[in-house]
Amino acid sequence: MKYGVMRPGHVQIRVLDMADALKHYCDLMGLIETGRDDQGRVYLKAWSEVDKYSVVLREADAAGVDFIGFKVVSEEMLDLLQGRLVEYGVEVNEVAANDLQDCGRRIRFVVPTGHTFELFATKEQTGKWGISNVNPEAWPRDLKGMGVVRFDHCLLYGPDVPATAKLFQQVLGFDMAEQVIAPDEDKTLIAAFLSCGMKAHDIAFIESPESGQFHHSSYYLETWEDVLRAADLISMTDTPIDIGPTRHGLTNGRTIYFFDPSGNRTEVFANGNYHYPDHEPITWTADQLGKAIFYHDRVLNERFLTVTT
Amino acid sequence: MKYGVMRPGHVQIRVLDMADALKHYCDLMGLIETGRDDQGRVYLKAWSEVDKYSVVLREADAAGVDFIGFKVVSEEMLDLLQGRLVEYGVEVNEVAANDLQDCGRRIRFVVPTGHTFELFATKEQTGKWGISNVNPEAWPRDLKGMGVVRFDHCLLYGPDVPATAKLFQQVLGFDMAEQVIAPDEDKTLIAAFLSCGMKAHDIAFIESPESGQFHHSSYYLETWEDVLRAADLISMTDTPIDIGPTRHGLTNGRTIYFFDPSGNRTEVFANGNYHYPDHEPITWTADQLGKAIFYHDRVLNERFLTVTT
Amino acid sequence: MKYGVMRPGHVQIRVLDMADALKHYCDLMGLIETGRDDQGRVYLKAWSEVDKYSVVLREADAAGVDFIGFKVVSEEMLDLLQGRLVEYGVEVNEVAANDLQDCGRRIRFVVPTGHTFELFATKEQTGKWGISNVNPEAWPRDLKGMGVVRFDHCLLYGPDVPATAKLFQQVLGFDMAEQVIAPDEDKTLIAAFLSCGMKAHDIAFIESPESGQFHHSSYYLETWEDVLRAADLISMTDTPIDIGPTRHGLTNGRTIYFFDPSGNRTEVFANGNYHYPDHEPITWTADQLGKAIFYHDRVLNERFLTVTT
Amino acid sequence: MKYGVMRPGHVQIRVLDMADALKHYCDLMGLIETGRDDQGRVYLKAWSEVDKYSVVLREADAAGVDFIGFKVVSEEMLDLLQGRLVEYGVEVNEVAANDLQDCGRRIRFVVPTGHTFELFATKEQTGKWGISNVNPEAWPRDLKGMGVVRFDHCLLYGPDVPATAKLFQQVLGFDMAEQVIAPDEDKTLIAAFLSCGMKAHDIAFIESPESGQFHHSSYYLETWEDVLRAADLISMTDTPIDIGPTRHGLTNGRTIYFFDPSGNRTEVFANGNYHYPDHEPITWTADQLGKAIFYHDRVLNERFLTVTT
């Protein structure tokens, strides 16, 4: 958090049908609805999050991701980061406060992979859902479905991952926690797992020719047992599965991938590597990409390459 | 155990190279070598088993299974079962004591699917490996690899599963714990999971035109966490994986399939359904076969049909 | 199951207040109410059980256990067992069909420890709760609280455990799966864990001067993770805890003990040893009783000796 | 990490007998010896740590903790922090580089509770033990005993926790992640769980009259299953147990406490809360202290108050 960027604070996901989407994100995954706005957007949070929401669903004609917002420790740091972006030559726009419900002003910019990001410092804090902040119980009893713990990160596909990673590292103070490099002499970066705290990734990119593609949004579970429970629920609800339960080589997470009714991929996972700023990036070579992504199968399934845009 | 058949007591598996096979069954899976004979066969056991061995490896030109032996409670019951087989019209042969090391006489017969089975009542008991029978510790500390708990069952492919199941039920006192039935009017049995005790299967058959095929031998683990550990070890040792970690619909086991160096499939699994004699068979219909076998993917992977003969 | 005794089929527990008891057995533990009778008794089952009920609660002035019934494979076997009891010199009484709701005639007798047991062969089968017997899902989604899988066994305190164990072994065909023996020359049996199938215990006794005491009824969970979840729920509901999460030395179960509002102890546990008829009893010596009961603490907590009568 | 303090980098623990201590920290817990110095100190690390060591054992006449060192991101930040300490009125001493093997200069100071702390920025990095930083396997195969993942934090007892916490917060940039407050009007702080990153605690203090007391050093495990395995190993090695397996209310960790041969308490734990700088402290009130510490038992065991000094 060198420059005060704390965590992925929200992602706005496009869905084809809101009612279907809510069955997926709330009934199946256990996110909790905390608001709706006059644009028809629905605001969701995971139970352990203190902010009012972390996932925003917008009904649209095409699936994909609109933008991802990172929360910054203070308005002062937000000013500083805005300055750093401008100085680096990035075009920034300010979105007015309350464009997203109960959220302060957001500083928006587009990175070379074609994805829109935002920084913001203020959002209403409603506290953890279902438990008190004083003498709290271990977990809330009324969670639905998978009962996901928190929105954790996104994985995005697009061109020029090296320039994108450089921006996150040099301007926003992220670390390269884990990476995949090409077999060429320059060891070109083809996948970047970037961390602004102690997690193995707060945002990840994989090199791909088409701009602005969305691979998945990811949510944290506590245990491998929870991953199995998630897998069972995926079957019980006839939800399309991508792959898992399995382990990632990169990040070491215990994971399962599946799809929302619009075709957006969702991940739920548990455990995984931790990162500190003095850690060398963990490096996977492209010839081991299969094992890097799916540690057990050691090959990429063909669905891995599908994305929503 | 209506007629005293207790459990699968041993399986003799053919392997192409004994040294390679021992790396698989001992170093990776954690079976323990307890003997060798002058035919070059190697005898293995899992740590929780009280008998001297449960897996016999024989070096041969083709992989597959030679025979599976069930242990009977007493020599008297063995006589009775021999009589029942003969009365039912099954040709039986007696294999002399000590043909398998430290094992009493075995009553051998072939079932309609083309597989050779044996019944025996006597085998040297060496006790659980690595722990005492008096004031025992919870588990032995020196297990290798996956540390499998016991040899559990086999799954076999062959023709005329209905007649084979009927023999196990009517003559040997097994129950049909779980089954798959065809969509025809007769609800023809196409897969039989037969139990002689409380397990969801002590032996299983799937209908297939070719006689005497071997799908897998299976070994018990205690937990889903152990299944993940097994999956990790499979990757670390570059062992070919079939599928998993996943859950079976049939039997509900938490499972992973992989291959020994000869191409014999191995399963390790945890948990799963229990069975009592007054339970109706759990029934899956053929149109749900994918989900019955692999509960999460809900389709059969193409490798599922490969067998060793 | 030498003489056809399959499993503990029901236990009738006395509770001081039915409404409070139902909060414990249903809301907290996840048993499901399946009937009430004109005596005010309430009938409960765990989800994986095929019989209509396994736990009967009766409101009374004192907590404790009224009787425990074992289910036998057939009415013929019930006749045979009745004969064996009489021949052994045990006084038996027949309780008429439908004295317990939808249950056939029960053969009742008292063992030397002062506890009342019954055998029965017929009870209405309603199938597993919440899942179909055809193409079943892995588990039902609407379970409450701990979601216990099945009623598993009881532990009883009373005098003359040796004679009681002998009756279960010689007359009813149970095995001594695990035992504790005194340091005297005769190695007097002071605790007996008796199995009629493959479980480490279907009924257990500990020597104690007072007749007919009830230590606990026990219910199966699938995993150590479920034991933690149970522990968390015990705290969230201010339920008095006895001890755990911990492991037993005897039986190796992963366990937690707590109390119902009437003071009856409840256990939920997962995993544990399996038993076959050719297994020597696992033996603990009295000097290791602490470790035998609570493998981690290695001492008996003082509450362990409290019982309801 | 507002001022660049990353993590607890080392603890120096006093032990009465080095050989006995190494059985505890290496054979039982799975720390790895990475060095010895001419003072007879032994240097240990956990497998996932990239620095050369995190635990230093020193043979002495009395058990307890000598000092705890926090690693800072850079020498520049170390200078800045030294300045901040001096400005705050804290007496600081510089310990020369290589006083601890392969460690740079350390800035040492004593806090009001009477404990000695250090800051340092440089230590030899030997990488994770047993796995490569390029295409790494999921975990190393040759770990001993519990295979602890990392040194995580210490809990200390001493007077004036409020002033100590204030120093960590205001000077070193730690957050109060979780706390216990007294029932008085001032809501006096009686326990402080302070975080310099995303963990629920990097250092913790409980108010106690005697200065400089050591409650425990704590090591991370991945899962609740690992906590059970640790508990089993504690029994198998006749290691004195304090309490567990259980859950903490504060921090929500899944935990077990036990003692090294010198009487120093050790914790191994898994899971637990995460923290961000914009999170209000999670607060427990003193009347709920039992549940705050041991969530399941809801009372403090008397051993909890024992410490080494």
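As written, the chain order gives the labels A, B, C and D, with residue 1 at the start of each chain.
Just so it is clear, a contact is a pair of C-beta atoms (placed from the backbone, for glycine too) under 8 Å apart; a residue touches a chain by one contact, two chains touch by 3 or more.
Predicted model only: the values in this text are computed from it and were never measured.
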Interface copy of A-B among B-D, C-D or A-D, judged by whether over half of the contact pairs recur: C-D
Selected pair, greater C-beta contact count between A-C and B-C: B-C
Chain B-chain C separation of Cα centroids, rounded to whole Å: 31
Euclidean distance of C-alpha centroids - chain C vs chain D, Å: 44
Whole-Å gap between the CA centroids of chain A and chain C: 48
Set of chain A residues in contact with two or more other chains: 138, 223-225, 232, 235, 247, 291, 295
Chain C-touching residues of chain B, taken from the complex the two chains share: 1-2, 6-7, 48, 50, 71, 73, 125, 127, 133-136, 138, 150, 197-199, 222-224, 247, 249, 252, 271, 273-274, 276-280, 282-285, 288, 291-292, 295
Touching residues on chain C, where the partner in the complex is chain D: 224-225, 228, 231-232, 234-235, 241, 244-247, 254, 256, 291, 295-298
Chain D residues touching chain B - in the complex, by the definition given at the top: 137-139, 141, 223, 225, 232-233, 235-236
